[in-house]
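One chain, subunit A, appears in both complexes that follow, with subunit B as partner in the first and subunit C in the second.
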Partner chain A sequence: MDIERDQRRFKQIVRGRIRDNLRKYITHGEMIGRKGRDLVSIPVPQLDVPRFKFGKNGSGGVGQGDGEVGDSLGKPGQGPDGAGGAGSDPGGGHYLEVEVSLDELAEMLGNELELPRIKPKGAASIEAEKTKYNSIRQTGPESLRHLRRTYLRALKRQISTGSYEPADPRVVPVRADKQYRSWNEVPQPQVNAAVIYIMDVSGSMTDEQKEIVRTEAFWIDAWLGKQYKGVEKRYIIHDAVAKEVDEHTFYHTRESGGTRISSAYKTAADIIEASFPVADWNIYCFQFSDGDNWGDDNRKAFELLGEKLIPASNLFCYGQVESPYGSGDFIDALEKQFGSHEKLVFSEIADKDAIYESIRKFLGKGK
Partner chain B sequence: MSMGPTSNLTPELAVMQVEIEAHALRYGLDFYPTIFELIDADELNAIAARGGFPTRYPHWRFGMEYEQLAKGYHYGLQKIYEMVINNNPCYAYLMRSNAAIDQKLVMAHVYGHCDFFKNNDWFAQTNRKMMDDMANHGNRVRRYMDQVGVEEVEDFIDACLSVEDLIDIYSPFIQRREKRADDRFGSEEPKEAERNRPPRYQSKGYMDSFVNPREVMLAKQLEGADKNAARRIPDRPERDVLLFVLEHAPLAPWQADVLSIVRDESYYFAPQAQTKIMNEGWASFWHSTIMINDAVTAVDIINYADHHSGTMASSPTQLNPYKVGIELFRDIEDRWNRGAFGREYDECDDVQVRRRWNTNAGLGRKKIFEVRRIHNDLTFIDEFLTLDFVRDHKLFRFGYNAGSEAYEIESREFPKVKQQLLQSLTNRGRPIISVVDGNYRNRGELYLRHDFSGVELQTDFAVDTLRNLQRLWSRPVHIETVLENARAVLAFDGKNHDIEKGDPIEIPDLESIT
Partner chain C sequence: MSLAKQLLADLAAAVGQQSQPFTISAGPRTIHCHALQCDAFAATIDELALETPELAAATVVQLQTASQSLSKRVNYLLEPIAPIETDAQGCSVQLRSNPPQRDDNGRRYYELLLRRGGSVALCRFEKQPGQPRVRIPAALTHEVIGRLIDDFAATVDGI
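Here is the complex of A and B:
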């Protein structure tokens, strides 16, 4: 039965659809809510073969059961279907839920945005070997004997040779029955990546802007997650003071108050110092803000950035989200201060549609 | 997967088959040899995805179907109990994990279907060696895939499937056109002159000049020649759009073959869509009769009743063909047993008398066998759906209310319910569409017409379908229909879609007809 072949073809076509609409999926944050552990479930419009068929207008059918004339039977889509017929299936609204692994999605993203593969620094080629007891051998030291398997084998042998008597259920293993635990060496790549997300949660950042940050962070996560196994993620929010928070808080807080970017840089620098030795870690920083910094703070911020963060990071990305209160000037000041530093990427994100370009800009360097 | 002629039933199931088959024969059911295959749920899903034919041609939609069935099964939302293939011999699939009582019920049900397939006249013209032919189709399609590429063939199949409904379901029973001489070498083509000669009345030689006067013949001949010159293609609207395309579109040989495969399969499956209510009703009638009277044991009665009622469940928005079918057959049997039919009964308007009517006619069994031979769903409902039945079974008509964007119960009046049901069964619930001109504007464009019957086409689907049809036809295609109460012509010329709105039309009020 080569139904698997048909299934594969179907999946290929679905993947094609997703790829065609990737831009739409990227800019709409809905997918993030559908993230499971490794899989993302994506709604794809039903791949029906189009036919001439009846629409909703004037359609109806015959049903069975109680109810008064005028009673509602439900909306189309969830509603009538069956022998009912003329237009009994009023189309539209049918979605297939397709599960795609995050890796695959990242791959599509990479192809779509033509992102270069990242060249890890540090101990990239060094792989540590770790032993895991996860197999079985016929020989070994008695201390590693696998009792249950040994007896199971003995039992099987005895039954098949007829020497097993249910009335006198004695199982005696012979040498050939013996099974031993054994190990395999599992290579563990020593390439590590840490991502630090910094978000400005001052009063001027609206929910919509946070949504943009959230969406962009999701895709950056997906891409880096594919490049490095086990990415470490840290989240920092700040207004006039900064603090490290967990993922949930990062996406959901709404604070208010002034803005002191340097406080966040300080926190980031502290985290790096404490947890991520620069020699072994590929460190990425993504900062999102509306660019409204307190005037006297810029100098301090640039100092921290220039002395600590930029030297430590593979990449430092600054995304300035356009705010309804007008855009700040941090991005201009930053550019003036550092010019086109190779580790520094700026991007202005005007609205959701700009996320796409912004991601390309951030990750396009292949660092 | 090879389909051997022998089944792989366990000894217990084989015994069961013998038993059930004997019961079925005793009741007068008549079927082709029936072969049961015992298969796993996964295989069953795979076969069901292919419409019951394991060897069918490869296509992605079967994969989609399979994925949905498999998911539904794994999540415990749905389960296929039985599947029967109209073929000689009849193939039926049993799911290995079903309990014995279910297998028994399924077998009894299957014999009902097999009898129906063999004896219902609407199936008389179907291919009884479809299992083999489907395998051949599969091979041919696979070969084309090897030759021109999987995607190319699959895309073409997509385009064909878009119009697979557009067949003439009555054509197997009617000779619509003059037979073309089959052996083109042997029989003489009529000479040009002879073909143009007008029909003559029969006459003896010496009377001929009186019966068929020369000047009249000549006049007719001129008239005929005139007609011939402006001959339209097709002569009269052609419901079999697939055939028309097959005969007139510039298709590569492999494309023509693929299209003919799709068309063959469409004709093969058409009667099943035409007799859904009857077929399921008939099979349910017999599984219930055989199980209750003969096969069910005290131990299993609860399980049987549970599963039987599960199949019969009806929801307010979904008319269950099993339920309506079985109840109608029971109703017919009961009425003909009581002699509750004919003019005298029809003219009696005393409810009490009608209810108690009994002439001990005892014609029930005979009648239902006759009904299963000659009717399809449309004529079945038309003939046997009565006021009493609609009332007893609480049937109602629902419609779409654009205001509340929901379906609502519209009426419980008998004529309206019946009319709605008949309408939704007409042409298998699909729009009636025919080719009216294959040389539209004298530019080889294809012009279709949708016979509007009160329900509009879904425009986005129609537009996509035109696109696919255009791929088959190569020249621009048009369809005339009604949109927003006005005549409209949708067109696609290979690049652009076009909607041309005509004048508003007077739509006859359907209510006033009834």
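Here is the complex of A and C:
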């Protein structure tokens, strides 16, 4: 159908627009109307289709006006003097909300940032039940009737009872001939990932920093969700004390406590130990802080990181978000302590524009 | 003579000198001041701190209340001061310029730390774009230095 072809073409154009502006969406979090788990609503500039517009009745027409037959109409711009000017209405305000699947977005992200596919570690030892239509039964709903088997069985019956006439090859199934497709629950090995997000919510982290973390976490989620069948997410917030929270609390909490990063590392290590056996899970930790760690906490934090978190993780990513007071020195201390450890990725996120490179740095290792 | 007056007298005597540490004590309180440069009206100070064992038994709540009062008193610096973080474990309160000063060359802010033990200390930081954050000297007139010491002392008195 022509209309279906047009619709496909329209979708291609819209997706092209999203791809073209993906960097903008990544850095400025414009996937504002998230629809749910699988769909994202993205505003793209309206695509105008040219169309005829009706004028007002009685406002003149061909052959009317002051001129005489044979008068020249003149060239554009030669009319009487008058002040031109811009229209009074603001333009370009029309946006079209387009729904895109998270999978599709992740694919675009991967292409845009040239991200390598993740190679999961270890064997897939987590089992999930999957329904497979792989057996036949005598009863079932008509929608699942297996026509070929039903007719074969009817044919066999007719031949064996002598009611089949080769000269008049009609096969008429009776109730006992009917065969139905049926299903079994098949255990299917799955490679699963656990993602632990850690955010500093101390007094020096403002809403702007949290927005950066939210945007970056959204794209990390989208990418890891595409790479793994099941992604378990856990959220930890901390100031001087850490606690595990739900997603909403994670992004909307502000505390006034000091910063002790070791408290968050301890909570993360406890979660991993209790819920995610290292042999079965691909574990990712993403930590965001302004790097203003208090007192002598670095030593304790590095101990936990080196002994518990890094060995358990596929990847430990630390993003230092710049607060109104600049960036702390935790990232320098981290680099000094662990150097270029293959499982550690550091990124300094000065502002929203730095999110793009930060994501590339975090996910570019393909681990 | 009060601590402030003693320090101002020492600063007046040190005009023209560079990198002069001053330590002045009166009773249980000691002022530490490291002046990098000093002239007749002002000095560039690396750190200005009042140390006293009177804060040895201070609770976090007391320090928080004192920090509120300190931020109200110290309203004559380049930027207003406000408590930013409280470390219950280490029993200290951090106050900073709120908002910090921002321009094309980066941002600058004062940091005051009120600690059980104890001390009240002031220093200034700068963060230039693409550079690590560094401590910078705070340029203060003698009058402001004297007033700061008085306000530090008043804060300790209030705990």
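One rule holds in what follows: the second predicted complex is superposed on the first by the 258 of 367 C-alpha atoms of A that agree within 3 Å, B and C clash if a C-alpha of one lies under 4 Å from a C-alpha of the other, contacts with A are read in each partner's own complex, and residues count from 1 in each chain.
Definition applied: contacts are C-beta pairs under 8 Å (C-beta built on N, C-alpha and C of every residue); 3 or more make two chains touch, one makes a residue touch a chain.
Here the structure is a predicted model, which is why all the values come from computation and not from measurement.
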item: Touching partner for A:D239 - first (subunit B), second (subunit C), both, neither; value: second
item: Subunit A: partner with more touched residues, subunit B or subunit C; value: B
item: First (subunit B), second (subunit C), both or neither touched by A:S160; value: neither
item: Touching partner for A:S340 - first (subunit B), second (subunit C), both, neither; value: neither
item: Subunit B versus subunit C as contact partner of A:P324, first or second or both or neither; value: second
item: Partner chain(s) touched by A:T139 [first = subunit B, second = subunit C, both, neither]; value: neither
item: Subunit B versus subunit C as contact partner of A:R8, first or second or both or neither; value: first
item: Subunit C-contacting residues of subunit A that also contact subunit B; value: none
item: Of subunit B, residues touching subunit A in the complex; value: 1, 43, 46-47, 49-50, 54, 58-64, 66-67, 150, 154, 158, 161-166, 276-277, 314-321, 323-324, 393-400, 402, 404-412, 417, 420-421, 423-425, 429-431, 433, 450, 454-465, 467-468, 479
item: Sites on subunit A touched by subunit C in the complex; value: 202-204, 239-241, 256-260, 292, 294-295, 324-329, 332, 350
item: Subunit B-facing residues of subunit A, complex; value: 1-3, 5-13, 47, 49-76, 79-88, 90-91, 96
item: Subunit C to subunit A touching residues, read off their complex; value: 83-90, 92, 94, 96, 99-100, 102, 106-107, 109, 125, 127, 129, 132-133
